[in-house]
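First, the structure itself, so that you have it in front of you.
Chain IDs A, B, C, D, E and F follow the sequence of writing; residue 1 opens each chain.
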């Protein structure tokens, strides 16, 4: 503990920007990378409708101590997303409108925190999105060191500094920095593929037929009976 | 497992439509049928303001396996509501915008699921309401059979195929198919009765007097004292 | 049990009104009074955007029994906030639109309840804010006495009759009646102080410098290293 | 509500006794009947080592009201197991040593309750096993009717009067009354089958070989690599 | 915060000793004092079989900071029970075998803590009972002041310094210092009364008859029907 | 997914054995390595009194699918501990007495699983310890590949193949393979240091004096007052 890693390597800016521009959603990215990297479903946005793609600046912080956020702000660049994981469970309100003001001034896009947040009305008006475990005003202290830009486990997912973070109404997913370009391509393909299927489904075709499932269902023994035969 | 019951008996269409038209709420219907049939409060709508009344097509699905939704779609008719209960606890995202597209094409009104849902931004824009245990993007597989249109326990409530489902911002309630007409009548009576009381309460009359509670409270021993006597 | 205390002493009206007018938030008030008095984060508003400051009329009620709410209504004055704590855990729906109609007629501003609420669509339209543990339609009975205007522990916080309640999107905080004027002053000072800091942070100054943290961080042993040195 | 069904049909006594004598466990019975009927894992025994098989006498009780237990006692016969499901979530202590004394006098074997229990030290000394949601002393009232021997949903499982209940350190499973003899046979076969496998596994044979899994794993694409190739 | 109250008034020693000697249980004491004072059911003993009655020395501690325990030890007398409530939710391990050694040296009987405890194997062997929210080794810091011997809300119950604490396998209950002698008498009466009923129940009499419930059940409309009439 | 890494590097056997022989507890090891590596407190042993130190063989498994356990068994050596993390939340019973028999035959010491376990009575009698999220009999399938000996996040902690696992009544901690020898030394030192303190505390010395806390407490502003001055 007590380490700040400077000059981290970040996922490539043009790739990250493409995730933002395409508004590739959490579900899409999660699928595109083989169904990994999701943060636990308890991490929820404080308001609906935000979509964010950015590079992680990570914080490993003691429970109920937000000192390291101040340290982390200095390490942030435009396009970053702050990711805070307490070293043990905490619902304290580490973050409010003053810190958001500071982050906005540095071009930071969002906060992901496995703990509490406060001043949510202000944050909503400022359009600074936060995904958090809870909303809680409990104040924190500035007494104990943590670390900035070390790998952290946040809400069950491993996040390394510089990794790509995508967050929307569905939650948060992390993509390893080195894989971002590959996953962008796969996300684009997936969306294209889904568009074609969406049209067929909207026209009334069944998934059973589009995905050719009937044979395999029968083989597994699926048994169609009539309600009248049960009565 | 592995059974699909076809041609189920549904609650009568005209009755179901009357629930929709009258927008009878979950609280009203729950009271009208003697305070039963509520799904647990953890089942929440993905957006506010939806009201749905429809007939249940039920799915008993393995955890993290959404294959049976595709099977169930074929069994759906306009006015149905899909109800999915996993056979053991799951927070996986069984359902997203593609399946919603398919259900809308068949006239299905909503999904009730004791598990996760994803693509919630899309679903909100499509105005396809979902009541779920959580929002989570975790992908599911298509490997193991479940059953369609068998009785299921969903979030603590027994739901049989064809039963009436009513859902709104307050949650979800199920009415046995055979009772739907009777409960419609009782819901209408209850609302009429409440209107009269609402007017009296709005005029400043007390429930204590409207419901004639003072005698019974005194009999039970309710004791009025003055703060000044305690100081 | 079974006591109703009448003519309680309330936090001074002009002070309470000043909290409303200034819209001092829960986080601010919590800090101003030395970080105490918060209700647990599970108590959430049924809709976003409400801000309330009022004087507590307290209810200690049996689980799943809302009789005492009717008794409490009679004790309410304009500007009060009803605070209900069940004597054991309950998620039942103690409160709906009829009781809200009655409370509005008496000038009551809000309900804080460590249990369930129903008719939330109506309550939202009526603009009667409720902070509750859950939304659930489960009906309650009127069988067992509780007490009104006795000290209660609600969601982990001690609330005495007449105490000041402040609630907003961040949750709920209670201020002891006798301290309200003092905490108003401290809340005002805190907001003024924050305004100055907000301007500096918005201009890009770092909290590290504004709060003069660098020395103490170094003293604690914070260690800056370069990513390149780790690779 | 308010119904007591008398003279229910119970699973056949000789079959139930065979489950007790063979000490067929919850996991075995659950598997033998096709993986259904489990109560949720939150239902835990108050002490370790008990095994019970008996016929269900069911109680649908209001939250925090144990009146119906007294009514149910009269309906019990030797070999029964009492199953109590509150109509809404409750952690109250419905049951303690006096009621256990009464049940023991009637030959009842155990209590399954989706709520709280108290006097657990006494119950342990009396060797009266209880599977409950929690241990909590909160007293209950006797004010509101419920029903006895109606179908209930208890901790997510449908239990009908007379159904077979099996409970051990792993939890609780319900077997439909009509299926008990069939499931006994399948449980016996399963145990016999497992004994053979247990011997092979104890001798060091791998499940991969015993169950002939290698081919199917390869077909699915399982890829064996060496750590040295990753370094 | 930051206050240590010395020379508190404690519940009378002879009365406290009588609770210990009589081993009056939590359920009995809770009932004897009118069903109040229970800590939430999540507070569980680290081992089974302990019974404790003692006088509360209270600690209001910051989350994840156990400094105040050291301060509190000095305030303890033989027969005391330490009660720790964090100012916000914490599962950290505030307490282990070293602190237990210190408390035993001062004659302290137990710890009640709405947070975590560690070294539970050692504590069990030392026979120092702890009732806690969880078992967790997470270390705490010694950075921020709290208070000793101020009123605290611990797991939902108000505990004042010097109050009587009774704890057993059923959980923990607090009795106001001034009421201890009265509640002792009522606990004794209750136990005597229960003994008589226990004998009658053991002899096979029904609670329905002992408590004369049949008339009131009929009046409420309880309806006995026969299973054969339903088939 | 679908990778099995063979011939992993394990923490050195003599070091692991020294942890076992010294029975260094989870709390000690956690402190010795700077307070990291703890699994969440929800992971509990199925019986009390076990202590295990071993090298991790990791499994990343789909929810409700235990196929990979069979694959992992083949990769196990004497002294290993199996660590299973589902890719999404699951309470299914992945593991029972047959798999335990197989693991014992290979010299495996324990299972750590962020999901359910069954046959706990048998496992207890076999003295095969399991630390799990819950006890639940729900059967699993063998349909979908996972991976063996890849890094996993298990109950919030990153576990890499070959890492040292220490588990006891307090829970589970992971030590990075490369650090094991260093942490052994620090654990030994810590225990020695604690022995000295234990003696002084047992003799009645206060932590306030042993750790020389009085000055710093005064400096922070701790204020001693007398109860009599408050009355």
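The rule we apply is simple: contacts are C-beta pairs under 8 Å (C-beta built on N, C-alpha and C of every residue); 3 or more make two chains touch, one makes a residue touch a chain.
Because the structure is a prediction, the values reported are computed rather than measured.
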Show which chains lie in contact with chain A and also with chain D. B, C, E, F
If each hop has to land on a touching chain, what is the smallest number of hops from chain C to chain D? 1
Over half of the residue-numbered contact pairs in common: that is the test. Which of A-F, A-E or C-E passes it against C-D? A-E
Report which of A-B and A-E is connected by more C-beta pairs in contact. A-B
For chain B and chain E, what's the span in angstrom between their mean Cα positions? 40
Calculate how many whole Å lie between the centre of chain B and the centre of chain C, each centre taken as the average of the chain's C-alpha atoms. 30
Going by the touch rule set out above, which residues of chain F reach two or more other chains? 35, 38, 87-89, 91, 136, 138, 144
Let me make sure I understand the interfaces: which chain pairs count as touching? A-B, A-C, A-E, A-F, B-C, B-D, B-F, C-D, C-E, D-E, D-F, E-F
Residue numbers of chain A touching chain B in their complex, please. 25-27, 30-31, 35, 38, 41, 44, 48-49, 51, 168-171, 173, 194, 197-198, 201-204, 206-208, 211, 213, 217, 220-228, 230
Which residues of chain E touch chain C once you look at their complex with the stated criterion? 1, 34-36, 38, 40, 87-89, 151, 153, 156-158
With touch defined as at the start, can you tell me which chain B residues reach chain F in the complex? 62-64, 87-92, 136, 138, 141, 143-144
For chain E, which residues count as touching chain F in their complex? 2-9, 47, 67, 70-71, 73-74, 91, 93, 96-99, 101-102, 104-106, 116, 118-122, 124, 134-139, 142, 144-145, 149, 161
